Amino acid sequence: MNGQYASLLIALPLISAFFVPLIKGLGKKAVKYYLVLITALQTGIAAWVFQEVYTTGKPIIVMAGAWRPPVGINLYIGHFAALFVLIVAVVSFLMAVFSIRAISVDPIDKYAMLFLLVMLGATGMIATGDIFNLFVFMEITAISAYALTAYNKTGEAAEASIKYIILGGIGSSFFLIGIALIYGSLGTLNMAQIAQLAGGMDATVAQVGLALIVFGLAVEAELFPLNAWAPDAYQAAPHPITAMFSAFVVKAGLYALARILYLMQAVSSWHSVLKLLIIMATLTVFVAEFAALRQKNVKRMIAYSSIAQIGLIGLAFALGTQSGVDAGVFHMVNHAIVKALLFLAVGHVAVSLGGAEMEKFEGLGKRMPLTAFAITVGAIAAVGIPLFNVFWSKLRILLATLGAGYSWAAAVVLIASVVEAVYYFRLIHTMWFAGEGERISEGLAVSLMLLFLAALVIVIGVYPDYAWSIAQKAGNDIFNVADYIKNVPLMGVGA
Amino acid sequence: MISAYYFGAISLILIGLYAILVKKNVLKMLIGLSIMETGVNLLLVSVGYISGRSAPILSEGIGPNQAVDPIPQALVLTAIVIGVATTAMALSVAMIIYEKYGTLNVEEIRRLRG
Amino acid sequence: MLKRALAIITLLIIGYWLAQGLAGVPFGEDRMLVAQYYLDHVKEQTGAVNTVTAVVVNYRGFDTLGEVTVLFIASTGVGALLWRKKRERTAKTEGSIVLTTGTRLLAPFIMLFGAYIFIHGHLTPGGGFPGGATIATAFLLLYMAFTVYEIPHKTFEKVEGAVGMAYVLVGLIGLAIGGYFLYDWIWQDWGFGVDNVGRLLSGGFIPVIYTIIGLKVGTELSGIIDNMLKEEVSE
Amino acid sequence: MINELMIILFAPLIAGVVAWALDIKGIREAIGIIGAAIPLAYLVKLYPTIIENPIDYSITVSGFTLQFQLNTMSWYFAAVASLVGLAMAFGMAVTSRESYDWLFALMSFTGVLGVFLSQDFVGFFLLWELMTFASFMMVLRRNRHESLKYFVLSVIGAYAMLIAIGMLYAKTGALDFASIRQVLYMDAAMGTITTRETAIIFGLFLTAFGVKAGAVPLHVWAPGAYSETDQSYTAFFSGALSKAGAYGFLLLYILMGYKLYAAFGTFHNHLTFAYIIAWIGAITVVVASFLAVLQEDIRKLFAYSSVGQVGYILLAFGLGSTLGFAGGLFHVLSHAIFKGLFWLVTAAIILQTGKTQFKDMGGLAEKMPFTFAMGLIAVLSLAGIPPMAGFASKWLIYEAAISAHMPLVAGAIFLGSALAFAYVVRFLYAVWFGQRPSDLEDVKEAPLPLLIAMALLAIPNLVFGVAPGLVTQYINKILGGEVVGGDYYKLVTPTGTYNALLVTIALVIGLAIAGLVYIYGAKTRKIPVTNTYQSGNPVTEEFNLSIRRNFYKPLAEALEFWLKYSWDRFYERVAGMAEDFADSLRQAFYNGNVQSYSWYLAIVLLILALWGVL
Amino acid sequence: MNCMACIEYIIIGTMIISAILAVEWRDLLAATVGMAAVSLFASLLFFMLQAPDVAMTEAAIGAALSGAIFIFAIKRTQRFETEEEEKPGWWVRW
């Protein structure tokens, strides 16, 4: 099959989102099942792309309108993008199934559209090979995220959304200034060509441009202190959406950050940007873990934990070494699984019991044993206990950090990890050993999803080889810029 | 010496940011955001300007070497639309906030914190 | 006051920094790289005269698809957020006589003008976005002039969805015919209007897409206006 | 290929998971015991060949090569752990009624074995974490506060180790012990790793292993964690798990000894770094023994006693001489068996009476004679009375301390022994003899599996006590030389000789004479048993000392000044401060005002700008 | 300095002034008008920068429509910025 059909990854969610208004007359149920169907189809396409990329070992370059790269916009679906597009699709599928149960606020048809467009935006951000197109997809993701954050139409939801909008707006404006500078200096927007020409850029322009782009993306990627919107948005968004935020929306921003960072390697101020990012990422981990410590709302607590883990990934990416990037990608995969599991389970509890406050979790082991078990698995994994997947990636990241000579960063991260262990284990204790309650029904579909994700956590924890080899290839895709430039069939325009 | 257009664009960006940093009314902050976006658009177009050339419409005897850079203009078209989309979203959110909180003062819109 | 002073100082430093960066991108100089390629080849490759349009719709069609999506999200999002069980317009006062008569007279022409703008996008300045916005302005006028006026928003929503799908379908037809998403099969394969460059019937699928965009933008923006003007009424 | 090592390692874990998943009463106990027995069986089977042919096993997991090796030393440690583990499994068959316990107990069993068998740092760290986590979960179930204290300290230790590992990795580029050892050996001459870095790595490792071994001042988790779990499991927890810390110190010698020597030199003809370890051990012995004496709760008493006894091991390793190592290694075994036995006895008492305080006990010897006999063996062994295993090992350590010319340290050993005698005497009398509280009248003997478990640990106490040469000859093989001479019954060191058989014979003859006197001698008459022991003080309501209540209160009063300072309270305060800090941090930073948040963005931009401008 | 430059400077100056006014006016309706004015002047500048497409779009969307939706939002909420006494702690007021 022609590699160009990978553009269906973009086309399918779009056309399906546009189709929703035409079928909304069929009723709420129909829209929800339609959503499940489309995400399943998307998963199928993503799986095909994944298989294609990993068997041939060659990236798929989708050229829109048959224009070769610097002239037209291309999608670069390399090892990383193929992997992450699959994760995006799978998580979306799971959350679409969860939405059937979790979403009761009207209007469902609008929810379905926004849901599909968030998925589209993240897919596009990961796949695109053009820096302005990246901005467009980032805005698609962000604006649908704004809308979905406020979807519940409560005061809190609106509040979280306005915070997100204002901070995201500032971030994207400055990102655009960065693009303007880089375009003004190089005359191209294609990422491969930027990478090719970056060395010859005017040093000041390169420094300001890179700094602004990093700043803009760091807002999306939730690095401290630009992450203040994140816990609110996570807490107020509908439960399936929170899982999606944590599992791939943020990661798309983080990936874009890493990608652009490594493309601009030749820029002279590159190392100072890395240093700054390391400081920010380390602080992210530290502050977020401490903020989660005495949290009363479990969803918010896990949101903070998610932010901290994102900081850890950011740290890995900012190290500027191959091992760091590999570890970061591995952690991204693991974190996506674990946080999807945790947010799914916590959302499930909140839907069933009417809230995510700590008191609701007392005696959960007796009331909803399977869900409690899933949360336990997720929590233990997040802490980084051996035989669970996060252990491996955390270990990798720390070894890479120490290997790059940032012992202080590793020490700070580990102190924060201790704090993380404390609040997660308090949660586990609350669930299993405090309080009593009647057993209530847990629902087949959600139970199956929880078991699937928990099994994935343990399987990767016990047998990490396959996941690690994939992560290595994906990490190489980000780190090895020379290959990236070589793989994009650049036309000889100007270069 | 910096060009007047750059100066204007940067001024707009800074004034917009100033509104966000100082004004407490949500709508005012959104006005600031909007001004900032206008500034960014102006900056982008100025970056693409080439002195003494005309608009990139190649009809009336204007050859390929007599037109300004079309790409930033294309980008700005997109950016304007994105800007208005963001504004519309933000305003409807602000309307809900006013409905639920009865105020638009950011110091009182603080139910989510800590 | 301290806060203002600090804000101003902070902003001045940031501004100085930006200006310093911009000093490396001197104003008014020719630094075109890819753009020069566009200018050189636009006529034979896309059949459009307006290079900006060609770039927007054809060369960087993906961006535009995204842009349309963004607007679609905004309209959907506003619709989702301001959705209530039952909503109506609550305006009390009719517009002044000047406004009402003027609107009656002008609204069709404004719409026509909007249509003109987007159909001629590949020839003259303008295109789908300003055209669509102009159409929306007509509806805006109608809303302001008459207290009871309402767009048929169900139909509008359907149109919105349908034209969006049409856009993607145009892209997919390109994929089917030429093997590339958003491939301009009208111009490249059929060679439709090759002799016509600079006149209306040229430009490959640009007019088609701009029509789609114009309709879409028009309906979406009017939808946003409609949503923002209606208030919840208790039954 | 299925290797014996893999079976040894993972049999307990798999059995635990199966037992947990099945959760059928009876079957889960059987599976658990089988799973715990497999490692011991294999180790026994492999014993004849192990000295000549170490067994290697390595697997590659996610790019890391995990290497395991069963050599003379790891066999020794693994065998000790397996013995205690099997006893634990028998004990748990009675005392534990939850599949939860089985899962985590057996998981920690795997962790301990893995720590002993690992030959590279990734596997070592992985299994170390697994062991910590599993033992933590055992405690979490019963007491959240104590378990978190344990976990936080352990994890701080583990992460300290991780940083040290990472630093070593960054310096040497290797993670397996053999290469690290070689590189550090070479480096001792070249000195590319500076003294400061060496000191940091050493300090981090010291923290890591010190926590697990319960060295003062990192011991505070031990009393709570040991007492707030299933007591059969504590037998393993204290008997085998804490040995992982001791093993770590040994590892430190093996891997870094020469480098540390080159970096720090000597102090009073004694390796400086070893000197530090020795003193940590000595302080631990003294402090823990004093605290043990003052406890009113059986579990707390033995918890502190465990800390003190592991202190002996550290002290012995810190002497730095081969004799010291021999003593330490022997004490690893003897502490495991006598302390394991103690905990099982405690488990039996708690199971049958439901009481843990001395004041509720008394006169149980008649009701639980077998348990009493086992307790007596444990007491004798702990107090260092021949012919028990405990005496032999303590004697070796003492000899080593003397020949290393460290009289102060030797004094600590003496003091520790005396204090140990003080607390075991109280245990012996208060629990087994004297007046029996009326609610203990219908106490029965412990169930059979628990008795088997006790016997399993009591027999080695006697055997290795009478024939200590069995152990020392194996230790000679580990250390690769004739460190402790003599035959099976006789130990010969440069400064002394101990003939266990002779002592035993003398003892038996003495006991026989005493028995004859008891039977045929003076007429016995029955008198009511009352508390007659009042420490020479008048009995008042406030100052009512009996062997069961505040027996050592005068000592506590004498030590009042020192008891004011408690590491435990210090850590609690630090933790409280951390939580308050966390609260104020998030309240101040995430204050909910979007304008403040925008300021953060502006400040970041400002930093970027200043960094660009300057 | 030729005349073209004069016009440029005047437009830019007016634009900046209207931006400042838009930010400083307490009447939000007026501020919105100020914002629309900024957009209009910007669209003039776009025209002078040889970007007629952008100028049209900015005038139609940036000035007219955003202004309109701002006004609708103000109608649904409140027209004036209120002077509030400052209640929360200093770090929040910031």
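The first chain written gets the first letter, and so on, giving A, B, C, D and E; residue counts start at 1 in each chain.
Here is the rule we use: a contact is a pair of C-beta atoms (placed from the backbone, for glycine too) under 8 Å apart; a residue touches a chain by one contact, two chains touch by 3 or more.
Quantities reported herein were computed from a predicted structural model and do not represent experimental measurements.
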Reference subunit C; chain at largest CA-centroid distance: D
Among all chain pairs, the one with the most C-beta contacts: A-C
Chain nearest the global centroid, as defined over all protein CA atoms shown: A
Name the chain whose C-alpha centroid is most distant from the C-alpha centroid of subunit B. D
Between subunit A and subunit D, the Cα-mean centres are separated in Å by 44
So how far apart, in whole Å, are subunit D and subunit E when each is placed at the average of its C-alpha atoms? 73
Just curious, how far off is subunit E from subunit B if you go by their C-alpha centres, in Å? 10
Calculate how many whole Å lie between the centre of subunit A and the centre of subunit B, each centre taken as the average of the chain's C-alpha atoms. 27
So which stretches of subunit C touch two or more other chains? 3, 7, 10-11, 14, 17-18, 20-23, 25, 31-32, 34-36, 38, 50, 52, 60, 63, 66-67, 70, 73-74, 77, 81, 125, 127, 129, 224, 228
Show the residues in subunit D shared as contacts by 2 or more other chains, in ascending order. 586, 590-596, 598-599, 602-603, 605, 608, 612
Going through subunit B residue by residue, note those that touch at least 2 other chains and give them in order. 5, 7, 11, 13, 16-18, 20-21, 24, 29-30, 43, 46-49, 55-57, 67, 71-73, 75, 77-78, 80-82, 84-86, 88-89, 91-96, 107, 109-114
Once bound in the complex, which stretches of subunit C touch subunit E? 3, 50, 52-53, 117, 125-127, 129-130, 133-134, 136-137, 140, 221, 224-225, 228-229, 231
Going by the contact rule set out above, which residues of subunit D touch subunit C in the complex? 602-603, 605-606, 608-610, 612-613
In the complex of these two chains, what residues of subunit C are touching subunit A? 17-18, 20-25, 31-38, 58-63, 65-67, 69-70, 72-74, 76-77, 79-81, 83, 157-158, 160-162, 164-165, 167-169, 171-172, 174-175, 178-184, 188
Taking the touch rule as given, give the residues of subunit E at its contact with subunit C in the complex, in rising order. 51-57, 59-61, 64-65, 68-69, 72-73, 76, 94
Inside the complex, what are the residues of subunit B that reach subunit C? 2-3, 5-7, 10-11, 13-14, 17-18, 21-22, 43, 46-52, 55-59, 64-65, 67, 69-71, 73-75, 77-78, 80-82, 84-86, 88-89, 91-93, 95-96
